[in-house]
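Which chain is which? They are A, B and C, in the order written, and residues in each are numbered from 1.
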Amino acid sequence: MIKFLKLYEKLGIFILIILASVFLAIVSPNFRNMDTILGIIMQGSYGAIIAVGMTLAITSGGFDLSVDAMMGLTSVILAMLIPQMGFALAIIIAILASCFVGMINGVMITKVGISPLIMTLAMAVILRGSSLLITGGRQVVIAQKSFMAIGALKVFNYIPAPIIYMVVIFVVFYILLNQTTFGRHIAAVGSNEQAARMSGLNVTVIKTLVYVLVAFTASIVGIIRTSQTLIGIPTMAPGFTLNVLTIAILGGTSLAGGKGNLIGTIFAGIFISMIYYGLNLLNVQIFYQFLSVGIVLLFALFIDGLRIRYLESAKIKGISI
Amino acid sequence: MTMDNENVFIELKSIKKIFPGVVALENVDFDVRYGEVHALVGENGAGKSTLIKIFGGAYQPDGGEIFIDRKKVTISSTSVAQYLKIAVIYQEFNLIPDLSVAENIFIGREPKIAKTFVNWNKLNSDAAKILKKLDIDINPRKFIADLSIAEKQMVEIAKSLSMDARLIIMDEPTATLTEKEVVKLFAIIEELKKKGVSIVYISHRLDEAFRLSDRITVLRDGKKIETRKTSETTQDEIVSLMVGKIVKEYFAARQEKATDKDVVIEVNNYNVADYVYDVNFKLYRGEILGFAGVLGSGIHHLLRSLYGAAQKTGGEVFFEGKPVNIRNASEAIKLGIGYVTEDRKGEGLLNDMSVLQNISIIIIKFLTFFKGIFIKQKKELDVFYKIAKELDIKYANINQRIIYLSGGNQQKVVMGRTLVSDCKVLILLEPTRGIDVGAKAEIHKIMVELANKGISIIMTSSELPELVNLTDRCLVLYKGKIVAEFNRENMDEEKLVAAEIGKLGYDDN
Amino acid sequence: MDESKVLLNSKQKAGNFIGSFGLIIILLVIFGFFSLLIPKVYFTWPNLLDMIRFSSFVGIGAIGMTFCIMTGNFDISVGSMLALAGVLGASLVPRISGVGGVAVTIIAASLLGLINGIFVTKLRIPAFITTLGMLFIYRAIAYIYTNNNPQYIQDRFWISIGNKNFLGLPLPIYIMAACYGIAYLLLRKSPVGRYIIAVGTNNRAAALSGIKVDNVKIWVFTLVGLFVGIAAVINASMLGAANPGMMGDGWEFQVITAVVLGGTALAGGSGSLGGTLIAALIIIFLKTGMSNAQVNSYWQQVATGLVLIFAVSINKLKFWLIGQTQ
């Protein structure tokens, strides 16, 4: 069983993707077309990008439920600022604003000791309300058409820009998590916070920065989505947080903390996108997407729960694994 | 201190530490010289762990001063301790399971490229160097989660060396090691000594302390009793210092045991995976049966599984002659088996509940009317007052929360909880851990009275005088097997100690 | 027998004071503030009754959640549970009458709670994330079942539950009082309450005392469902319909806020039904006040988030003062 779980941890998501691909290739002739595949990956990139940040948070032993609201905030800030200062500066301010919110999350969680659940849940409500306040509850159209290039551009007239962003963010975060001391300290904090503290690591700073990074990825997706529609939407992507959490956990990052699997995260993002594509083929209502993501989440949790339990019992029995 | 003064690396002067209800350390003086192994011995609750936590910056003393190289210092946090080159190796290691050996050794001090990236090559080769210096054969790339306990111990030592520790404090380092590993550890300690590293060595095993140390300090009940040169003292002397003279007086008189040899529990070929192998024993009515053994002997797994709190993997249990299979605590309670944990804080006290509610939790479902829906409050109070009087529990009022009671009274409540459920067998693990001398005597008295009333008691204690003076019979477990049995006539502390460490008995492996 | 008070120092006294009287003071301050600000709308007997009537919706739902958080768990799916049970019951009214519909709503919600309990205990996954998944699944099923159509309730019995008066007081007030009465008996006068607190304060000690910890948790999640079911009946009755999308959207947030503001510790073990009730009143008094004073509804949303953070911080302060932080 442990072997199976270890194997699943490494390969599970790939097996799921292969199964899904074979299935889709059989039922949908369109799927054999490169444009369709790129489209699916692009659709998956939104969740995957934020899930990369979320993976870091889960690795550190926390999580963030306010990412969808952060996207809305980003979208609204862009819509309000682009007419006044052009999109370059607006983007910078939008990203900084999100990062600031992430920092508040981090400080409240580490310093005041509020649980990540309550803090980020409350933050989500506050951000939604604030975003609606800023625009007076309306959606705001962005007149500057050139802004659209950011999300809708195709590199070499072929690869959608969001895929490029996803790859870049993945590479940067992968190196950050696995090759820098900061990244290793994130894993250390998530693996055994007490020991990390006793070893002299500054747990407060590490955790706070992790929430800033989650916020950063959320605002990147907020920018992409806003640019594609050219509308500032205060209530953007309701419920997207569930997608993001599902992707991170399905990708093999354990809720127990300490181990982040970013490669798995990216592919889990694509897998979820394939499910959506499959559901679209069936022409069912959008609610089935919620249902399927919920079920996939429970499945991923089930596997994670098994893993935690077997590791525990192995530890008790003194089996080396 | 006399002429050796120049050699002193660290000196603690009249250190005091108070916890709610307990004085953990009272005016303790302690010093360590350069290149010295200083053994710190004492029974459980003597204050050893508190003292090392003060060394490591995890606790702040409530009084007293600390000097390093005769300069006054304040060890205000664990990182300050690191800065002062003091390393503490706790029993529960401070290693990070999901990081590699090399990363753990150098955590927070990793070699870097461009101040950002981990220099894996240097990290691993530096770690390999240190491990090699210690003659430890562990791949630095391995994850801590995949190591044995002995290997983790070695990594902890390597970690303290990597930060050039001048003082390493080892808390029971050999508790879970095999003979071979112990030999290796001792060689390492000798090596460290030669390099001028000072070591504070804490162990239950006196023979180790005598083999390694230059001086021995005895703590008892939070006070320093004496510091002696190891070469000028004997094990017997240290034992009597540890135990103290009052000990014989506070054990209550044990009535002659009931003559009828009623067997209450019989255990045959009992096994608990990886911990207990083919254990057989009988428990008689009104008997106090002791179990002795060091950490890792399997006693706790044996007793836990008898209560259904751990799973047995083989063997039979007969309760009053009938075969039983106890799968969880409620089945044990139904049979009339009670269990008092050694970890009062972790799994004994119901912190958010009152004294009254803590007593009645097991039997509350029987103190009801209307088909078990409503509590008969009068009945609950009667039960409470009766047991409170019997055990002489001191409390301010019945709604007082349990955590505000002293350790001794908390222990009485946890015992009372099982007693009110009319148990026939009481399993007591470390019944007097962490409570003061007066309360200890009271608990002992209660145990004897219970046995005189016909309740059978199974107990284990790491305080040997307790076993010697209280039990009718004592079984010694070593590596999961019963290696010796003593009765009142032939039992003494030396024999128990010898059997506990596998040096005596019929199965000498 | 007041010796225990001697043991408390001034910090601990301050902590206990925050716990006991803080909430009532907050409630009175809010009521006083809006009564002075907009006396003609706010400071009237009908408005007061109406506010209490509305608070029954949050107040009843928060009872089960109080139990749940006291065991150290969490159920974030209550809003979706409310909607699913509500649309199910409402849709069946034409076939099995209003009484049957009400019964189905309550039973369905209890079953959904039971499912949550089984998932949480048997899968051994943290409750918040399991129930987060359930939040989406239940909501999706509610949508799919109704094809996103509101289920209107024409039945007189069901409609009267939320809207009729008895002896000058709205029925929901009686229902809420009855629910709190039963819950109080359960928590303080019955072994069940002892088990809940024991599991929440130290589940290992509870297990050693012969309590079947998993069973207690499953029952508590079922109780969450039961009270959600009752709240669903009242909510659907007040609105005259059960709407798969709107019903209970964001309700979990109000419910959790009420419990936490009421002084129940997220770590489990200690909690207070009275606190939860007053906190539910605070939330509705504040909300109604802001609406009556024509505060922008988005501001209201921001305010609810801030209230929750404030509530948790106050709790932290309380426990810190009493000196019990773990």
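Assume a contact is a pair of C-beta atoms (placed from the backbone, for glycine too) under 8 Å apart; a residue touches a chain by one contact, two chains touch by 3 or more.
Here the structure is a predicted model, which is why all the values come from computation and not from measurement.
By C-beta contact pairs, the most connected chain pair is A-C.
The chain with its C-alpha centre at the largest distance from the centre of chain A is B.
Inter-chain spacing, taken between the CA centroids of chain A and chain B, is 45 Å.
For the pair chain A and chain C, the distance between C-alpha centroids works out to 31 Å. Of all residues in chain A, none touches 2 or more other chains. Residues of chain C that touch chain A in their complex: 74, 76, 119, 123-126, 128-130, 132-137, 139-141, 143-144, 147-148, 250, 253, 256, 260, 266, 296, 298-306, 308-309, 312-313, 316, 325.
Within the complex formed with chain C, the chain A residues making contact are 65, 108, 112-115, 117-119, 121-126, 128-130, 132-133, 137, 239, 242, 245-246, 249, 255, 285, 287-291, 293-295, 297-298, 301-302, 304-305, 308-309. Chain C meets chain B in the complex at residues 1-4, 6-7, 185, 189-191, 194, 197-198, 200-202, 204-212, 269-270, 324. Interface residues of chain B facing chain C in the complex, by the touch rule stated above, are 307, 309, 328-330, 332-333, 339, 341, 346-353, 357, 360-362, 364-365, 368, 372-375, 377, 396-397, 399-400, 403-404, 417.
By the touch criterion stated above, chain B contacts chain A in their complex at residues 58, 78-79, 82, 93-99, 103, 107-108, 110, 112, 116-118, 120, 145-148, 273-274.
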